[in-house]
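Chain IDs A, B, C, D, E and F follow the sequence of writing; residue 1 opens each chain.
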Amino acid sequence: MMNVLAVGCHPDDLEIGCGGTLAKLAAAGHRVTMAHVASGDKGHRVIAPDELRRIRGEEAQMAGRLIGAEVISLDEPDLGVKQDTDALIRKLTALIRRVRPAYIITHPPEDYMKDHMEVSRAVFDASFAATVPHYETEGGSAAQDGVVPIYYMDTLAGVGSLPTEYVDITDYMELKIQMNDCHQSQIKWLREHDGIDFLDFVRTVSKFRGLQCGKAYAEGFTQCRAWPRLTTERLLP
Amino acid sequence: MMNVLAVGCHPDDLEIGCGGTLAKLAAAGHRVTMAHVASGDKGHRVIAPDELRRIRGEEAQMAGRLIGAEVISLDEPDLGVKQDTDALIRKLTALIRRVRPAYIITHPPEDYMKDHMEVSRAVFDASFAATVPHYETEGGSAAQDGVVPIYYMDTLAGVGSLPTEYVDITDYMELKIQMNDCHQSQIKWLREHDGIDFLDFVRTVSKFRGLQCGKAYAEGFTQCRAWPRLTTERLLP
Amino acid sequence: MMNVLAVGCHPDDLEIGCGGTLAKLAAAGHRVTMAHVASGDKGHRVIAPDELRRIRGEEAQMAGRLIGAEVISLDEPDLGVKQDTDALIRKLTALIRRVRPAYIITHPPEDYMKDHMEVSRAVFDASFAATVPHYETEGGSAAQDGVVPIYYMDTLAGVGSLPTEYVDITDYMELKIQMNDCHQSQIKWLREHDGIDFLDFVRTVSKFRGLQCGKAYAEGFTQCRAWPRLTTERLLP
Amino acid sequence: MMNVLAVGCHPDDLEIGCGGTLAKLAAAGHRVTMAHVASGDKGHRVIAPDELRRIRGEEAQMAGRLIGAEVISLDEPDLGVKQDTDALIRKLTALIRRVRPAYIITHPPEDYMKDHMEVSRAVFDASFAATVPHYETEGGSAAQDGVVPIYYMDTLAGVGSLPTEYVDITDYMELKIQMNDCHQSQIKWLREHDGIDFLDFVRTVSKFRGLQCGKAYAEGFTQCRAWPRLTTERLLP
Amino acid sequence: MMNVLAVGCHPDDLEIGCGGTLAKLAAAGHRVTMAHVASGDKGHRVIAPDELRRIRGEEAQMAGRLIGAEVISLDEPDLGVKQDTDALIRKLTALIRRVRPAYIITHPPEDYMKDHMEVSRAVFDASFAATVPHYETEGGSAAQDGVVPIYYMDTLAGVGSLPTEYVDITDYMELKIQMNDCHQSQIKWLREHDGIDFLDFVRTVSKFRGLQCGKAYAEGFTQCRAWPRLTTERLLP
Amino acid sequence: MMNVLAVGCHPDDLEIGCGGTLAKLAAAGHRVTMAHVASGDKGHRVIAPDELRRIRGEEAQMAGRLIGAEVISLDEPDLGVKQDTDALIRKLTALIRRVRPAYIITHPPEDYMKDHMEVSRAVFDASFAATVPHYETEGGSAAQDGVVPIYYMDTLAGVGSLPTEYVDITDYMELKIQMNDCHQSQIKWLREHDGIDFLDFVRTVSKFRGLQCGKAYAEGFTQCRAWPRLTTERLLP
């Protein structure tokens, strides 16, 4: 059994990008940890930040419970995630050292808004720092033994994204929809702010990725190709 | 009003890749010509090539009639389209000289099977040859005055494709489905051969391209970037 | 009529990269706002920063007046533009909310010096932040309704740049030269510091982009391809 | 157990590019077929083509025997492999239909000399044709049910190649060397013609690919990304 | 002193793409051979092919004489250059074996029309074949000892081209213009057919490449990156 | 004779990436300055940072002495190199102004860990700032006259790296090994932390780059392609 750490930016990003894969991993008995870096506090036109931060934290917990995943918030403010902040890297490093993942799933380095990209780069940095004993973090966990692989989710709406890895999530599609459905504040916001039917949006992307690889529903990923994160886990194919 | 020439490989490829755009162009009063290079004669597990060639020719005519487009078959055999054949280039050149398009839509240079790619390159070559007076073709049409722009449709299932141009086809989506529905032989073949619900496949790709550009349905294109095919038709955006 | 916001780094960067397009837009009746992020205070070997800052501000105003554009300076120091600074993002966000552009023109993410790249990324970030009501800015303008498209100008000297959009500026080339000629401090500096005839340099790049697309003079752009900034404004071509 | 088909250009190309992977697959009980398209008849400065063709055929058989693989020659002349030849595509299609592979390994589309590239494209074409019942081939094998995945080996010396898949061949490195050592005619030719110590060359590339993925020795591959060849065989990593 | 072989498609392509570099090489005492593959027989709207072929052959000789270069025509018909023709590869191979170049300059693999691209690939193929003793050619020249480097000129108008090598041709710009001016038939044709001032076109591209690398005029190249054509001729820069 | 400035991140990075080239440059009489930005203080599992910082500083001096290079430490803490820090840019700018290099060698913008990437970008920024007189630095050196070329070394283990420049280091390979062997603290750490035989690792990468360009050992580089850093130093090849 593996420990898998997924790090999204906002409370619903993991559900959108890799909810089916996480559900499948959890169903296979792996231990899944879902972290979101930003509290999502500014993700609504009306609800005030403090109130929204609380609501979205609860929504994320609810979604995680559906698959038995631990849910963690790093509680950075929306539009204020900064990779180059020592405090954020240390929080992420401490998390990685505690979870000790076999690999990490996060946002790709280029995405549709800055906070997502900052998370991607912060995860890249922290997962290296996690292996350096003299880089100290709270909580007392020892340094990791090796730098772990990172898999990047699709960008939002798959713009500019050409997956090299596909995970068949056909059997977990409805569970993925339920996980996304937990994020009621966001679903309403997107409907009002951008005129987007969020659940249909999520389903369409998964269906599109599915027809690319011959399944009903799938999620696409790319691998972070940096030394020493390359793997030889499988014999082809 | 413009003349627009769309050149697909098999009798249904244009309907899949740019049916909505063609319908929209036709509805706006432009003259649309739909050509398919291969007869589609081997696109069925049971129906014999000669019989299938006839059936698919009729299906293509039916689809074209729905939008008032002229439909042309260059009648090459499936798995036998060869860009480097003088006869094919001459047929295409004669067609271009007769239609005198403002631009051409065809397959991208890389796609999921060889015949598609051969068509793409043959169109590129023929649209240049069409401007050379001493390159003679049947039918007596004069050489074109200038090399025309080419727009490439999506690959099948959008694999490896990152559109740079999007056309909103929301108002023409049902017509696009009807155009595709004309290709009954192919719809059955794909269902049987690959387990694919063809119309749902087509709808999903158009819906995915739509959500990428904020519309209900869209089609994606890239422009052939070769001198002197670049255009300045529009002032941004 | 559209509002168009162009954001350059130094006081002359917009004139170099998109002066002809801005002139053409203004002549067509659109409202053009030209902002420069850095004051250009260190852009001279002899003139002291405070003095130069004042001179270049006036030069920019003069250039803008030629096409009836509003000219704004965000007044950051040269070699000190930092995307990751909350103050800069807020200034840019406030500007966007006030101008309410249909689209934004700015530098590409990779260019020949850091301040240019910082501006590009800051514009990307601020144009998203501008749509978030709880991200507060001075001036009291309401949040934008949607994230707007961004078009990137050429890099300096077009190094590493492959435009996907061309704007024919033939009729505005002399006006573009006049706009650039307003920046006398810079013209002299470049001549002295790099041995470059600035106006000839500008003309050559526009002429080169013109011959690529079959016009006497043109400017090249690429589109920021990130959700939800993709557009379906035009029917091909 | 899978059938794996590897198609190289010359009699030693598979040993160089994927000998370790084939040895590992064979050791795991999979059925491995090694085909070379060209006879290798011109691969020597002195030995005459007819004689060399015979010698190299025997060398290939010897190498295949070391891992229990079937070895097939399509017997095209060196410098005369042409993808666009119906005869070659039919021979390859017949081979694929007989072997019925789970996937195919071959050269990448771009490599250091033309015959290699022609083989890559011919394999791509034939593996599609193999699924079309009305495309007839000798030998009477039925059409394949589905288009199979293709994995591309490294280019020669890895020039221009960035693998996305790595196979750990540490336990099979010496066997790979023995397979390559069977090609005595080629080893001598390369030493004389290019001053290259062939076995050391092979070992160095495998060692380099190994250190990229944290193993003593490895082989690198990329996947052909074309519909419907994408796979979901594995759950990450 | 080196032998340098430049292979263009039409009689004026080398003058456009690398005339300044060839003039500079010749002036430095290197032996320059200029070959054109197509006779240019269809490059005029009025002059008949046979007549034009003769005229352009003379124009090419005249241009070559200006720099003391040998000029060779392979005399293929316009719109009929085919890389996959054994006869063409043998003619090119024989030429390479006779000239024994230190390196070859030719068109890039992607350009604005097919004949150019066919030449590029044929040169790539022939320069490999030239090293294979048992690949026989007319004229009796022995096989080359090693595969030589290839440098690719700019595409026409530099569309899609990002040079990695720049050659300062400031001192040879006027000579380059004179070389191009020899091609009177083409200059008139382009002026009439495409409305292009050919000599100004050529000067503008060279001036643009010059300002990219800080010279008055330059020509841009990319290197063919395929084993074993990579070089270590220079110590940086 | 040239001044060459090489800027690595940690005390051994230059020895790994370009030790052979620096040795060759020094042997040819050029003045070589080797700077490392981070002190390397956290590069050991047991030795404490302060102690390690001292040890690694001495190791770097020892390595530099082998080729007569000046060795400079900018003394930033490991995992704390930040490009966007004014202090770091000023230190680097002052260094560049003092050394007045003909060109700079540093890390590529993408590499396996953040500090390396920060160094690459800081060098890019500082080498521009060095030419701006009103950007003041300690030490009193005047501004550079022109922005200098930058060459990027390979990434660690060459992952994701496709060199465009190769330097033959065959005659300097043993000296390169000796330079690396000075870094005893790091050699032990890598052996213990990652199970890597450091000297064999270095030798294998150099051997691989050598076989790509036909030499026993080589180092690969890419050039920073940004205006005005492009050069025309050589006539091809």
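Rule of thumb we're sticking to: a contact is a pair of C-beta atoms (placed from the backbone, for glycine too) under 8 Å apart; a residue touches a chain by one contact, two chains touch by 3 or more.
All figures in this text were calculated on a predicted structure; none of them were measured in a lab.
For the homomeric pair subunit D and subunit E, should the interface be classed as same or different, according to whether the shared residue numbers exceed half of all numbers used?
Mostly different residues.
Can you compute the centre-to-centre distance for subunit A and subunit E, using the mean CA position of each chain? Integer Å is fine.
Result: the chain centres lie 52 Å from each other.
Just how far, in Å, is the C-alpha centre of subunit B from the one of subunit A?
So the centre of subunit A lies 39 Å away from the centre of subunit B.
Among the residues of subunit A, which ones contact at least 2 other chains?
If we look for residues of subunit A contacting two or more partner chains, we find 84, 157, 159-160, 162, 194, 212, 214, 225, 227-228, 230.
How do the chains pair up in terms of touching? List each pair.
Pairs flagged as touching, ordered by label: A-B, A-C, A-D, A-F, B-C, B-D, B-E, C-E, C-F, D-E, D-F, E-F.
Hey, which residues of subunit A end up touching subunit C in the complex?
So the residues of subunit A in touch with subunit C come to 41-42, 44-46, 48-49, 78-80, 82, 84, 110-114, 155-157, 159-160, 193-194.
Taking the complex as given, what residues does subunit C use to touch subunit B?
Going by the criterion above, the answer is residues 21, 24-25, 28, 102-103, 105, 149, 151, 162, 164-168, 212-215, 218, 221, 223, 225, 227-228, 230-237.
Give every residue of subunit F touching subunit D within the complex, in rising order.
Subunit F residues touching subunit D: 157-160, 162, 194, 196, 201, 204-205, 207-208, 211-212, 214.
Under the touch definition given earlier, write down the residues of subunit B that touch subunit E in their complex.
Touch residues, subunit B against subunit E: 84, 86, 89, 121, 124-125, 128-129, 131-135, 143, 146, 225-230.
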